[in-house]
Every structure is written in structure tokens, then in C-alpha cells.
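Note that subunit A is present in both complexes that follow, paired respectively with subunit B and with subunit C.
Up next is the complex of A and B:
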């Protein structure tokens, strides 16, 4: 009897996940094909016949490929240095350098804007130094997009490189040394080849992230369209069918990427013969000059990478209208922060984002954990399906999901599971929840997989029923995994821009949308304040994630 | 009074692999039954069926005539000690021990007093507030036992409780576990793959092989009166030789064309064996002796290995008729490479003849 109840529970979980994740995508595909109504390939044919669509597709692909190369060029050496050489401050800087990955993309973008943009610190500095008439450059087009991508996505290469380096057995390097290979030779012939699988993983991750990237192309792209910005533009122009076709195309590309990633996964460990030895020892720098040099280089790089965020902080203290032509802002005070606190309309987006992100995170925890538990317990085909459903929103660009949700939940057909949610306060939390599912679900899965199943059996043999087992054994033991997933989910929801821009209403406008409108109104100080807020909350959640992950 | 625990025709398969076939067993109140068998014999699966973590495909499990087969583990009131202890890492020693009482809704005061009652049973008084990661393996083992004992279960299940310990700790912990179980007087089912452990702790031993019960009996019965060739080989040291039953209780070994290459030995037959049928005889080392080579009842061979064990010395003799046997030698040293005869030590336990496996249906 309890078995039947379990099976029922599993089924209803699958149904909920399908409704949230799979169903909107299906509806989008069907509507793009003209269903319900006459089946028609017309929108697809129109898509194929339009030069601007092909251009956007091509832009997406080459920008993503170039992002991979640039991010790798920054991330891999950085990982090699931080994992391979010991210098003062290595640990702290090592953590800070990974921070950009946790910051909402939009924050990174506006930070870049304030630093390197037309009226940013650097261009003003150059302008003043060379006494130029106008700004020496404009931060726009593919170059700007690539810059931002490289800047935020090197972290994947950095983290993957470090993780793989730790896993390399020191005796392999020692064997190479005993065979006469010098330091450089060991790096090229042993270390880097062993990093291969990790680098492939990082490259695919970067490619997928870049393919889904919206903030940078939206802010810096101008006339240069990629698929994500093209989709939103079609939607805003009222070309719904075209937006749907574009979404389907982008989704296909993303699934292709996911498939490639899955194939690359098994080779992830750089361990030969299944025996895991001791990780290589970090090189201690003895010669003082080299030591000073390495330290300076490490700090220099870290500061350079964190400079945009420092800029954001500075700009947030520049009162409106006080910084005109000077190279450095003449006045700094807290008036922007005060205006936020005193004007309820300005505080509104902060509160909106907070409650919507909280609700979404909570929902994602409950749903993600239940699905993960069900997947681990039953395994087999049902388990596989649950796992796939948990991963899909991660593989798909947020823009695609936003269009899918907008398509599915703007119609009232309760018998088909479709309700009008667009325009209500519930559509955004729902979108955030779906986007956060992979974060909470996958971390729960990882946690549950590490959990000795006999712990739950022990609790059962001691008379604990299902609820008590979850509450007293599973949850306390999974706390680190759940908190880690939840903090990332919260960050993602709090800073979300890509789904918000498609689905927000004025009453539920989140922080990111308010940043955009402040920028439009030339209210850079206020935009920076919002950015700093997002940054601080995200950094806190990220640190919590790091702590819990280590626990 | 009915037997305390009855296993009735249990069958279990995972996919197309049959793990247990037709297991029927009865266990008396207060008895310690050991499930012994090589790895993969199904002993742990049987224990998990009893515990309720797995459901049998066929058969019932009865406790005092009550069918508990459909009950989930949490409603069976059995205690279990897990192979890797499965102590809750987020709870203290006392928290672990009190867990089962908490599940049964026992108020806090009583829980604490029961913890204080149980910990001395396993020699752990004063350990209440320790974290379970901080204590030694042997102590963790005892916490696991205390935790299982605390709710006063009807039956104690132990899944290879010593396999996770250093060999040096194993014997001591075995003694402690055994005495704690005896003191409480609880009925127990103890799984192990080590014969010595099984004989030490079990009132009776159930030997499993390939999912079947080979024999159930006291350690003495298993050792002295094995019912199958597998039991004879698995329990204690034994050598086997092929021969032919030439008359009731007489097995001819070798062809006997030369002196020392054949002999006819008295045996006790087990199972259905007919005259002139091929048999396998099983010989305990202490049932054999080293002799002169020219005795008519001796088989000649060469000493190929010598294992000095203090109180006795084992010699492995490679026989000229083929095969080799293990023999307990006297105090006199016989050199490796020397020729010797091997004969039955009449006063000792007789050889046993089993149907030759090739003719056995299995």
C-alpha cells in the first residue's frame, strides 16, 4: 500500500515538473507550428528567409565561440597560478576572483559601463590625459559584448582548472620529473593534457552561458543583434510567432550544447588506474624577488578583475548632476542611498525583488528536494526523467523560458492546465522558480547521492516514519547542500533581468528593470545604488554558498 | 509456545537474478542465530528482508505467529546494527541513542534516563555529549548497538558488525557485543562471512550459499557433521579427494598399481550414494597423519608446504595419485621435499564421502 502511495507521489511530482518545465516549451513549439489551428511551417519559412535572423544566429554562435577563447585565455593561467604557486593572500584572492560568477550579469554590465564606457573612469582619464575633445572610444558592439563575457565567464575556466589540478596525482608529475621533464615540459606534456576534460567542460559551459547571455548584448549591442536580443525585440514588436520560432531555434541549439556536455562528462577525472594519490604540492617561492613579483601579479590581476565592482561602489556615492566633465567625480556623498530610503517608489523594486526571490527560492527548494529524493530513491526511467526535468531549465536560455511562459500562461484554458498568469504578480516568481530548479535540485541530488542510504534505514529501523526521517535525518544532513543550492537560486532570482524584461508588470518591477530605467533617465547614481545592493546581497549569499559547500 | 521468528519460504530476486530461494528457518526466543556465507550468498539480503528494507517476492516472516511481512521497517520494532554503523553524524552519542525513543514519542525525561541506562551496557557511560565522529571505531560500534537496544526491540539484527574494525580490535569488540547481547537476553540475527566469528557468537549457524540454506545447526554440528560438500569445505579446514565407493562405507582412492598410489579408506557417506559411484571425500587435517610410505592403507606423496602454527604444524602433501591434502603433523619436523605416507588417523573423526558434484544435480 505504501508502495502505491510512493508511486503516486512520484507520478504527481513528475506531473508538476512537466507542467512547469516541459509543458510551456511544448506549447511554444506547437504554437510556432500554428497549432491549434492549421499546421503551418510558414513562420519557420519566414525565419529561414530573413537575413536579419540568420545574422543574429551567426552572431550568437561566433560571439559564443570567441567568448570561450577569451575566457579560457584569462581563466586557465589564473587557475594555474592560484593552484600552483603559494603567495601571501592567495586564499582570499582566490575566493574573490571567483566572485564575478555569482554576481547578476546586469550588475557586471553596468559596472563595466561605469568603468570603461564613454563617460566611464578609464575613458575620462584617457580623455583628460590626452586632452581630447570627446571620449576616446565608445563601449558598444561585439567588442564590448566580448569584453564583458570574457570578464565574467573566465571564472568557469578558473574554477574548473583549479578543481582539476587538485585532482591530479602528484606522483604523475613526479614520474615525469624523474624521467627528466623540466617544469615547462611537465606543464605542456602532463598537466595541460590532464586538464583536458575539465577544460572541455568549462568551454561548453562558457559556450552555453554565452549563447544565453542577454544583459551584455542588450545594453552594449546597439544594432548588433544576437538570438536572445532578437527574441525580445520580436516580442516587443508584437511579432509573437516569430519570437516563438526564434525561441525554438535557440532552444535546439542549447539542447545540442547540453548533449555535447553530457558526452564530455565521463572523462572528467584526471585519475589513472582508479587510484587517487596526493595532490601536487603548491610551489613555494623562495627567491624574494620572484615572490614579490608573483604576489604583485596575483594582487594586480585580482584588483583588475574586481575593479568594475569597485567603480560601481564609487559611482553609487556620486550625487546626481555633480559629475560633468571632470576626470574624477568632485563630490561623493550618500544622497543616492538616502533618496532610495526616502522615496517609497524607489524602494518598491527592492521589496519586489526580495519577496519574489524568496518565494521562488522556497518553492525551488521544496520541489527540487522532493524531485531529487524521488529520483535517487527509485532510479530507473522515472528517476532519469525527473533528473532531466530538473536540468532542462539550466540548459535553456532564460529568454526562451520567458517566451514559453508568456505563451503558455496568457490563455485561460484550465482544462489544459493553462491559466492567465501574465500580468499578475505570480508570473515572475514562477519564472524565477523554474529557473532556480536546477540549482536546488542538482545540489540536492548531489547531497543525497553522498548520503549513506543506511542512515535513513537506521532511522526507519528505530521506528521513525517517513516525515520524521526527512525532518530529523535527511534535512539536517543535507543542510549544506540545500543551503548552497538555495543561496545560488536566491542570487539568480534576485538579480534576474532576462526573464523579468519579458514578464514584468509595473507593480512587480524588480531591481534589474529599475536599474535599466534609471540608466535611461541618466540617473547613474541610483542605478549604481541598486547595483551595489544586488552585489552585496549576492556576495553574502555566495559566501554562504562557499561555506556550506565546504562543510 | 511457537518459535519466536519464523521465515517461511522466502524468495527474492533483483531483476532476473535470484538472490534467495526458498528460505525457511525458525528462531527461538533468546537465541543468537548467525547467517554465515561467502560474499554474494544472499545473507545480507535475507537480513534486509527480515528488517523490512526489502520485500520478499514469496513467503512470509512471522514474529510470534504475527505476519510482519507487509509492515514497513519502522513498525516492526526490530533493532539493527549496520555494517558501517550509520550513526547520525549531526547528533551526539546521546542524540543517536535516544533517536528511537524520540520516534516512539517517549518524553524527554524518560529518554535521558533510558540513555543513562543503556550506555553502561556497552561501557560508554560519560560519552553522552561526545560527537560521534570524535570517538573510535570500536566505540562507534558500541554506540550503534546501544542505539539499537535503547527502544527495547523485539529482535536485534546485526549486519557484519565487525567488518569495519581493525583486526586487532575485532576480537575484543566481538566479546563485548556478544556479552552485551547475552546480558540483555535479546533474540538476534547476526550476519557474517567469517566462520570463526560465526562459531563464537552463534547458538546456531545458518550457512547460505548461492541463495540457498545449506545447513542450519550448532557450530559443532556444522563442523562435525556437515551435510553437504560445501559446508565441509567452508567450515574449518578440509581437503578433498576423489574416489569410488566400493562397498558400504569403503572408498577406494587411486588405482593402486604401485604401493602408495592407492588405498581403501573407511568413510561415512552423506546423502544418496550407491556402490561403484564416484564420490568426493572430505578430510579434516586432524583426521590424517603422516606415516611410513609402505603401509598398505597409506597414500604416498611429497611434502610441499609447511605451516608452523605453534601448537600444531600443518603439512601440505602432494599425493602421487594426484591431488593434495593438508595434514596435522606431530612435533617432529618433516622437511619440505621429503617423501611421506598419509593415512587416516583412526581414532579421529572419519572421512566423509559426498556424491561427486558432477553427478549432483546442482
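Up next is the complex of A and C:
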């Protein structure tokens, strides 16, 4: 009886996940092929015959590859330094260095515009310092996109490197040292190879993220098209079939990436995964000059990394229309904040984002946890299927997913599982939920795997029912894992821009859309205020996660 | 005091027992839901519009004063984005009124069945060209593309005076224009170039060649008008093409931008309005369209928001000074609007794929 109920539960979870995750994609593919109706490859052939489509595809690929290289070049050394060397302020700085990950994509891009754009603080400063006639550079095209990618994605390499370094057994390094290997040789021949799997993981994460990146190419790309912006441009121009074909192509590319990722999943090497030894001791900087130098460098770096956040804060205090050609804004006051507080209508987007992100996160926790529990309990093929379904949305670029949802849920065919959700307040939270699933699902999976099953058995033998076991045993034990996933999910949903721009309505317009339309309406300051609000809430969620993790 | 303390202890203990986070989350969520759900009982009327805050807030305020039981809500976006959004929502329309955008975009919407026929009371006062034959949309204002320049850096005489001047060697790398894909104004300006090419040479080749030369002159395409103005004000570029209304607004704010009316003629855009098919509040939408084209509302829009009325029955002396001056200076270009409406998407798609950024 209980086993049958379990199988039934597993099946229905699979069905729900397939409906949410796989089905919209399938429908998009079918519609791109002209189904229902006459089957036709015409849009695909047109796609294949157009030079600009291939160009966009190629741009997407090389931008992603270059982002991996750049992010690695920044992130790995930082990770090595912060984990390998001890210097004053290491802990605080170490946390600050991870902050770019909490900056919502659109907000980050806008901040970059104000900072390094032609009229930004830095370029104005350089221009004034060298008394140049023109701005020293232009922030547009592939260079600008790469800059933003490197800034926001090196964090993956940094975090992965640090995590892997802690797991390295110091005895291996000691053995190498006793065999006469110098410090540099140890780094190249021992440490870095041991980091291999972690680096592969970070590289694929970066690759997938930049493949899906939309905000940076949207704002800085201009004529330089990548697949995500190509999709939106096609849709805007009324070429729906082409937008669908482009979405399917990008999805295929992403799945290729996911497949590579699963094959190269870190943690399978003998040394790292084996018996855990003692982590290497951090090198102490003894000479006072070096210490001071390292500290200064560290803080300099932290300020550099925080510049976009600071820029946004400053811009949020610039009253409208007061800043023209000066290097530094002449007037600063709180008028933007006042104008936001005085008009309740303008607070709506904030409330919208908050409730939608909360609902999506709660839903993602429930669904992700149940699916993870089912996957761990049952294992086998059904478990594998559940796990795959949980990670698919993560590989899927937001633009593709938004187009797929808009396609699938604009038809009323309940017998086919298709309802009209376009234009209702439910489609955005639903999109956020699915996009958050991998975060809550994967973290629950990791947590459940580490859980001793005997605890639950003990509770069962003491007469606790299923619900009670979940509520009183599983949930408290999984709290850190769930909160970690949930806070990331919450941040992602709160700052989402890619799916929102396709699916929002008047009643559900989120903060990111309001930022864009404030910019359109020349309310730069108000846009910055929204950006600051987003940043603060995101940082709070991020810190909550940090506190839980430490506890 | 003691009771309060006990209560607090109870609450804290309760929170600890039931995993405080979840409860906190759920309760704050409930609070938010309540706040969001608080309607004020007025009937909402949703406008999708590219008109910008100044006009929209003016219309919202004035209309709500006269009809206190209506709550005017608007979403502001590019005019092509309005079309895209209404089309995407066609199965479940959220907008009541499609408020603004060139009639070339409206005609696409009309073909795709996005509009509902409705004859506003002021329809008879329109020139025949501004009126859709099946009454699906009507011209409300007239939008005039002009040649824009930074007046700190250039005098009126130095600045480009006609379209051809834009291709002058002097402006290489000094032109910044609004991303034409999402903008009705730019689509019309480009459409004029291409339709002229068709009528003069029989095909679009010469027109695309002209646009390619413009692209080589162009330094940057701005994602939205605000960024465009910002870049022009800060002299990242000195010259642009944009629409008269925004220029007048910017000048009113003391921004150093000025404009010339193109001497060989400028395409006068019939900025239209229409009722969205399947609108949730058709009755209210009709009333709004009737009002917004009324003499009172048009004069208000002219005085406060720099809109030229499309109606021909308003006496010229009632229009504000700026409008009378503009009407004196504008040279209307002859443009094949039907051709532009039919071909615009294909042209823009070709421009986007073959010309943009190739220079």
C-alpha cells in the first residue's frame, strides 16, 4: 500500500515537473515546425540560410568562451590568495569579494553604464585628469559585454576554488614539498590539478550563465547580436516563427552544455573525494611591509569591486536634470527617494516583486524538496529522471523559457494541459518558480544525501506519521541547505529581468521593468533608487544565507 | 508591561518551535498580498502607450478629475513594443486603449485583428488620411521628426538642416540615434527614405545604400530615448534624429538641445489611438477615446504637453504659440504611407540584419 502510494507520488511529481519544465519547450519546438497545421521546416531552413543568425550563434559561443577565460583569470588567483594567505581583514574581504553575485543583472549593467560608460564617473575622471577632448573609451560592443561578464561571473571561480582548496589534504602538499618541489612547482603540479574538477564545474557554470546572459548584450550590444537579444528582436519585429526557431536552437546549445556539465561533474577524483585530511595551513605574511602592502591591495580590490554598488547609490541621490557635463554631480539630495515614497503607485513594483519572488520561492521549496526526497528515496531511473528535470531549467536561458511559456500558455486546451495564463498575474510567479527549482532542488538533494536515514526511521518507529516526520525531523535538519537554496532563488526571482520583460502585465510589473521604464522616462535617479532597493533586499537575503551557513 | 513581556516570550517561543523563518515569510507575504489586493473600487482603465510620463500623467489626472470612478493606469513603452505586447496578449487582452504610435504600426495591428472598430465623436473632423477605412484607429496627434543637435556645441547654421546633411563628413562618429527597431519615429524616418527610393528608382536599393551610409556615420544606437538625450546632452554625439515633442519638453527644462525642420520635408506621422479588441472595459475605453480627442483635451495636450492635434477644425489662434510657429515652418514630405505600413517590418528586419553596425 505504502509503496504503491509512493510510486504514485513519484509519478505525479514527474508529471508536474514535465508539464512545468519540458512541455513548454516541446510545444515551442512543435509550433516552430508548424504543428498543429502543416508540418514545415521552412523557418528552420530560413534560419540556416541567414548569415546574421549564424553570426549571432557564433557571437554567443565565443562571448561565453571568452567570459570563462576572463572570469577564471580573475577568480582563481583571488581564490588562491584568500584561501592560501593570511592577512588582516581576510574574512571580511573574502565575503565582500563574493558580492557581485548578489547584484541583479540589469542593475549591474546600469551601474556599469554610469561608472565606465562614456559619461560615467571613471571615464569622466580619466578625461579630466588627462585633459582629453573626448571620452577615453566607449562602453559598447563585445568588450563591454565581456567586462560585465567577467565582473559578475568570476565569483563562480572564486567560490569554487576556495571550496575545493579547503578540501585538499595538506599531507599531499607536504609530500611534494619534502620531495623538493618549490612553491611555484607545488602550485602548478599539485594544487591546480587537484582543483581540476572544481574549475571545470565553475567553467561550465560561467559558460551557461553567459550563454543565457541578456541584460549586458541588450544594453551594450548595439549591432552586436547574441542569440538572446536576437530572439527578443525577432519577436519585437513580429517574426514569431523565427523567434521560436532561435529559441529552440539556443535551448539545444544549452542542453549540450548541460550534458557536458553532468559528465564533468566535480567530486569524482580519488584524492579530493577520498579520506579527508587536514586542510593546508594559510601562509602568514610576516614582514610588516608585505603585510601593509597586501592589506592595502586587498582593500583597494574590495573598493574596486564595490564601485558599481556605490555608483548606484550616488546616482540615486542626484535630482533629475541637474547633472550634465560635470565630472561629479553638482547636487545631491533625497528628492528621488521622496518622490518614490510620496506616490504609492510607484511602490507597487517593489511589492509586486516581493510577493512574486516569495510565492515562487515557497513553491520552489515545496516542489524542489518533494522531488529531491522522492529522487533520493527511490533512486533508480525515476530518481535520475527527477534529478534531471530539476536541473533542466537551470540550463535553459531565461529568454528561451519565457518564449516557451508565452507560446504554451496562450492557448486554452485544458485537455492538452494548456491554459490561458498569458496576461494573468500567475504566469510570472510560475516562471520564477520553475527558474528557481534547480536552486532549491539541488540544495535539497545535497542536504538529503548527507542525512542519516536512521534518524527518520527512529522517528517512524516512535510512531511519527509522514507529515510529522517531515515537519519535525527532515525540515529542521535540512534548514541550512534549504535556506541556502531558497535565498539564492529569492534573489534570482527578485532581480529577474529576462523572463519578466516578456511576461509582465500592468498588475505584475516587477522592479526590473520599472527600472527600465524609469530610464525610458528619464528618471535616472528613480531608476537608481529602485536599483538600490533591489540591491539592499538581495544583500539581506544573501547575508541571511551566510549566517545560516555559519550556524 | 508584564503581559507584554509574556506575550513577546510566547511569540518568540512559538516562532522557534515552528521554524520562525517560514512563519515570518508567510506572514509578511500575507501582508503584502493584502496591500496588493487593496483596490479602491474604481474601474481600472489600462492604457498601453509610448507617450511618456508628461502627457500620460496629465491625461490621467485630468480624466480622473472628471470621471472620479475611473482609475486610469498606463504602461509606457516603445511604440513597436506596444504592438508586440498587445499581440502577445491577444488571447487574454490586458489593455483597454492602444494610446499612441504611428498609424503604420496601427495598420499592422488592424490587419492582425488586434483592434475593435469604434467611431469617436470627433472622427469627422479628421483629414481623410488620418482615418482608418474600417474605423479601427484614428489619428489623434501629429508627430514631426526633426534634426536634433547639441546647441552648446553647434549653432543653428552649423547644424544639419536636411536629411542629406547627415551624411556630411563632419558628422562622422557624431551621430547617435535611437535604436530604430523599437521606435516608431525612427521606423517612420527610415521608412520615408526607403519609400522615396522606391518611388524615385523603383526599388529600395538606393534607400538601403543611404541608410548604410548613415550607419557608417552613426556612433551608437541608444536603447531608449532617455539614454539618447543623455548622450547628446553630454556631447557623446552632437547630432540625432528625433521627434519635436520631446525636443520642446527638453528645451522647457533648459537642456542644451535644439532642432531644425528638414528643408526638403519631414514625414508627418499620424499618431493614432484605437480600442483594443477584447478590452476588459470597452465602455470606459470608448468614453476615454472620445474625451482624449475632444477639443478640450487636445488643447490641453497642445498647451501642456506639446502635442500637435490631428483634427483640422481647431482654430489656429487657439493653439499655443509654439504650435503656430511649428506649423509655419514644417514642410510636409510626400510619403507613401501604405507602402511603409506594408513593408516596415521586412525593411527593418533587413536593416537590422544587413546594415546595422556594419560601418
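Brief remarks on what is shown
The working rule: the second predicted complex is superposed on the first by the 536 of 551 C-alpha atoms of A that agree within 3 Å, B and C clash if a C-alpha of one lies under 4 Å from a C-alpha of the other, contacts with A are read in each partner's own complex, and residues count from 1 in each chain.
Just so we're on the same page, a contact is a pair of C-beta atoms (placed from the backbone, for glycine too) under 8 Å apart; a residue touches a chain by one contact, two chains touch by 3 or more.
Everything numeric here is computed off the predicted structure, so don't read it as measured data.
In the three-chain model built by superposing on subunit A, subunit B and subunit C fit together without any clash. Using the contact criterion defined above for the overlaid structures, shared-chain residue A:476 touches subunit B and also reaches subunit C. Of the two partner chains, neither subunit B nor subunit C is touched by A:435.
Taking subunit B and subunit C in turn and counting the residues of subunit A each one touches, the greater count comes from C. Put simply, the three-chain overlay gives an angle of 150° at subunit A, taking C-alpha centres for subunit B and subunit C and rounding to the nearest 10. In the overlay built on the shared chain, the residue A:346 is in contact with neither subunit B nor subunit C. Of the two partner chains, subunit C is the only one that A:411 touches; subunit B does not reach it. Within the superposed three-chain model, A:186 lies out of touch with both subunit B and subunit C [touch as defined at top]. When the two complexes are overlaid on their common chain A, residue A:358 makes contact with subunit C while staying clear of subunit B.
After overlaying the two complexes on the shared chain, residue contacts for A:233 are found with subunit C alone; subunit B is out of touch. In the superposition on chain A, A:422 makes contact with subunit C only, not with subunit B. With both structures placed on the common chain, the touch criterion links A:464 to subunit B but leaves subunit C unconnected. In this overlay, which is a superposition and not a single complex, subunit B and subunit C have their closest Cα atoms 10 Å apart. When the two complexes are laid over each other on chain A, subunit A has residues 476 in contact with both subunit B and subunit C. Within the complex, the subunit A residues that touch subunit C are 50-52, 118-119, 135, 138, 140, 218-219, 222-224, 233, 235-239, 321, 324-325, 348, 351-352, 354-355, 358-359, 362, 406, 410-412, 420, 422-424, 475-476, 479, 483, 502, 505-506, 509, 516-517, 519-524. Chain contact summary for the complex, subunit A toward subunit B: residues 1-3, 452, 454-455, 457-465, 468, 472-473, 476-477.
Interface residues of subunit C facing subunit A in the complex, by the touch rule stated above, are 19, 21, 25-26, 28-29, 32-33, 35-36, 46, 52-53, 73, 75-78, 80-81, 83-84, 87-94, 108, 179, 181-182, 219-221, 223-227, 229-231, 233-236, 253-256, 345, 348-349, 352-354, 356-358. In the complex of the two chains, the subunit B residues touching subunit A come out as 51-53, 55, 70, 72-80, 82-84, 86-90, 99-100, 102-104, 147-148, 151, 157.
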